[in-house]
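What follows is a pair of complexes built around subunit A, which joins subunit B in one and subunit C in the other.
Take a look at the complex of A and B:
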């Protein structure tokens, strides 16, 4: 049930990943991953821990060379042309591995040397907004402050592409909100593209317009957020006769209930789903658009069942 | 530890074989003592029981243990005792497996006490000064130097003579018994100090334990790079970064060693005439030997971290691998220049104030006999330049292994460096005891006759490999053509200076002169520099 690539062609994509695979030892970290991120999109990559999110981001940055397949960012190979790609890309690492021995002012002064388009005033305004003391060493900052420092470094040269790996991981809600606001402001600028990974679906849902779900190194769902949500329905079904076993329905992802009343999460065209339910002898009591969280959980369960039994 | 155990087993088997066959017992004893020193040193170095932060290098006491329901006393005592037992056990194993088969019966009590005291103090320094890295480095440097040298004072031949020189009239044996009792108390004293500091860290009782106090902001080290102006270029920023992390280490280490050489010998007074030549040799050897040691750390992406992978912050900067390697080269050159400048200033100052010019008369006369005054002036100019270039060479010579990110390659390179340095010191020490003729080149005629041929073959191979490697660098685009040409010019200059120095030095020995010129072509890095760029490029993208 892997979703095919959406209509975005690779020619107008900022990021084009085609058939990329990667193994670490015997473990398959990425398996034939293909996706295209259009210019100006806010792209969210969701997946469980260990699903391959960071590995995919490192391929996009050129910090990992693909074993097979190709990665192109701005039409360039990030491994062969690091300056051409990284000079236009801001990156916030999940590991927050900024040089701990530098003070904040040293960090900003050091980093600006590599980006001709560095905006010193913008960096200073971000530093003040995030209340980071310029004379404090990075290693003495809290985790949230380090994330903010990393975000300043990633944003201050106004990159065309912003790559954020779990930007709000381990942060309190206030810091998370500040970081999301900074991302939204970045997006508001002309033609900037944001690609970020998270396992917090509410923040993905709040910020992103495109998403991809990754599981065990495979992209299992991919497209515009609205399309994905509209392409799923939660239907409350009522049967005239009690069902001893869960009713067999097409396009079903999850189903729960008993007897005459069942609630299922379906994937497909809403009109066709309604017709299918009626054809199965059910009355649709209620129809709802599921949250991204519900879609993700259902998709994960289906994929896990398929992994256990390929005939599902 | 595993490598040490393997070395111990292999050495033990070798010593037993030597004892059984009766062959080479004298050489065997030298090897056994060297192995013992190597293994015990490795054991001392590996029992610091720290758990470092992923960045910032060697860490402090493992802070995750603070959450255990155990008293701080117990937390500190267990690793201290384990460390002491490990090192003493290692020493006793070496005695049992390496020395006893050859009939050697080294003392057991005082070396064990000495090692316990030494290890305890080193561990306490590592843990107590975790948040003062530079102070810790200084203390550890002094501590290691003391640990490596003071043991000689416990040898009966040394202390009997030394005590009488000092005017001691009592029984030297009783004096030494008192010293051993003192050693026995040193371990608990170190424990007490360490316990106090770790307890402060655990409960955040002092400024040492966490964030640096306001005084820290006024430290002289902060003056380096304290400017507010933006860097003129990315290369300047990289150089600043590299020098702040690594560049000062060699000059710092050289300064400590120079002071440790200069001050005791200056204060010694008596017999300084005899030591002048020795002090000069020690001072001028310091930048070379220390460069080889510091080079092992400089080879890594981060000197202070065990992680051979680049941090993602550094790897995601818009730079080529060649830019990083170049910054390491330039930083290493500055290090060498500063280290040699310090050496020259301190050596000349020491010679003027405390040295005995009469003891250098033999050298002066020989210089006058063999070299014209013009050559002497040239040598005085070229020799420091050659020293700087050789130090630079030692600093950057392992970049291709450390930057590759391949752990076994790095360990192999470090092991080779340890063996080379051990062999060098063994050669120097042995050379002092044997007759001068025994070490002459003519004592090894078959090898020496073929040496030029082998060197010529090696040079041809090196040049072929250099062309291939640099062509690969050019193809990857990690180093521009102009930069490649600049490096080759630098190589020619380096080789030229080394060859000219060797040529002048051995101008009357045609055979040696030619050999030195060949060696200059071989010794200055060309292939490995290209490999360093390729290795870092490989490391960056984890290929």
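Take a look at the complex of A and C:
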């Protein structure tokens, strides 16, 4: 799936990114990025640090303009119509970006002024659920508390789109759980769309229904999570004749082994893969659906072998 | 209701839920008529997408294992379909494996184990007065 295969047409997408590229100095930060986020989806953007996740999110928010390609959120250009987009989008940045000198109650009063649909009762119930003291200044909060405060600010006006950049980053497992719970509660509410970036595959795999993998500014996988997982197989192969060199097989991502026994990660229709293995003189001893982690690592290795150079 | 989800396993999460709930109903750990947690509650507890829970409940409903009462929640069916013989065997096989492992640790042989099984069965069939 090196070319994007959207599961919905871009017309019912809440976020629609098409062919977006961006350089910073000599470095290509985004390279022909295309993806669509359907309404009501929980979309996970997976990538290592430095892969381009934050840069892409900044384009979605209209904080950066693309050099080429288009970005549409709710059908609007976020650069040309920031209020139309940001007024309906709850955003939590990776560095939380909250005014340190404000107390929690001041922060909530301040933010409320910007959003006509701010729900004061909901904000208060979140504050209590997260056990954030009203009178405490933001700069004295722990990392986890700051993330929770940022999440209240993003959620309390009940936005149509929740956009989170590494919401769990730097947090201990207990707080990570609380944040994820809050996100899931948001998902359960009608027709809300969630987009979050993460390098933590476990939470992506549990919560997302659509994902995109970004590596060195390029989208290397994109689609429904179930389709992506079911479109890969780990096959344990036993060849009739020992192989002097690693067997050349179609649709192969990674392969290891020796002699007659080889294990490979394959991409493609499982039936076709079995037929292909048989045609190559091998019996399939075992067949498994790999984890997202394996798919990601394999894809990274494939890209490295192809000599994909992020600095070109 | 004890459920465990493995996100990285090859089995789709909704299917893991379906299989585990089926097992709980088959072994009567979930009684007929018992209420299942609300979709939202279970999603928050397991930290998974609520749509995944909804899908699992839908599959279970299609298999007549649970019943959705409009506005009221999801309940184990009064007469869930009898579990297929093969599934009954595999539920028991798991228990037997556990028992065999324990007995081996204690140094108790399988013949003694069979003897114990017969005696306890006898006791159940005709309890001492």
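Following the convention adopted for this analysis, the second predicted complex is superposed on the first by the 305 of 312 C-alpha atoms of A that agree within 3 Å, B and C clash if a C-alpha of one lies under 4 Å from a C-alpha of the other, contacts with A are read in each partner's own complex, and residues count from 1 in each chain.
Throughout what follows, a residue touches a chain if its C-beta (ideal position, glycine included) is under 8 Å from a C-beta of that chain, and two chains touch if they have at least 3 such contacts.
Because the structure is predicted, anything quoted here is derived from the model rather than measured.
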Which superposed partner A:288 touches (first subunit B, second subunit C, both, neither): second
Partner chain(s) touched by A:185 [first = subunit B, second = subunit C, both, neither]: second
Touched partner set for A:109, first subunit B, second subunit C, both or neither: first
Of subunit C and subunit B, partner touching more subunit A residues: B
Which of subunit B and subunit C A:49 touches, first, second, both or neither: neither
Touched partner set for A:229, first subunit B, second subunit C, both or neither: second
Contacts of A:244 with subunit B and subunit C, given as first, second, both or neither: neither
Subunit B versus subunit C as contact partner of A:177, first or second or both or neither: second
Subunit B and subunit C footprints on subunit A, overlapping residues: none
Residues of subunit A defined as touching subunit C within the complex: 42, 177, 180-181, 184-185, 187-188, 201-203, 205-209, 226, 229-230, 288-293
Parts of subunit A lying in touch with subunit B, wherever the complex brings them together: 58, 61-65, 79-83, 85-87, 89, 91, 93, 95, 97-101, 105-106, 109-115, 120, 135, 137, 139-140, 150, 153
Residue ranges of subunit B in contact with subunit A within the complex: 53-56, 210-212, 217, 225, 228, 230-231, 233-234, 236-238, 240-241, 244-245, 311-320, 476-477, 540-543
Subunit C to subunit A touching residues, read off their complex: 5, 7-13, 39-40, 43-44, 46-52
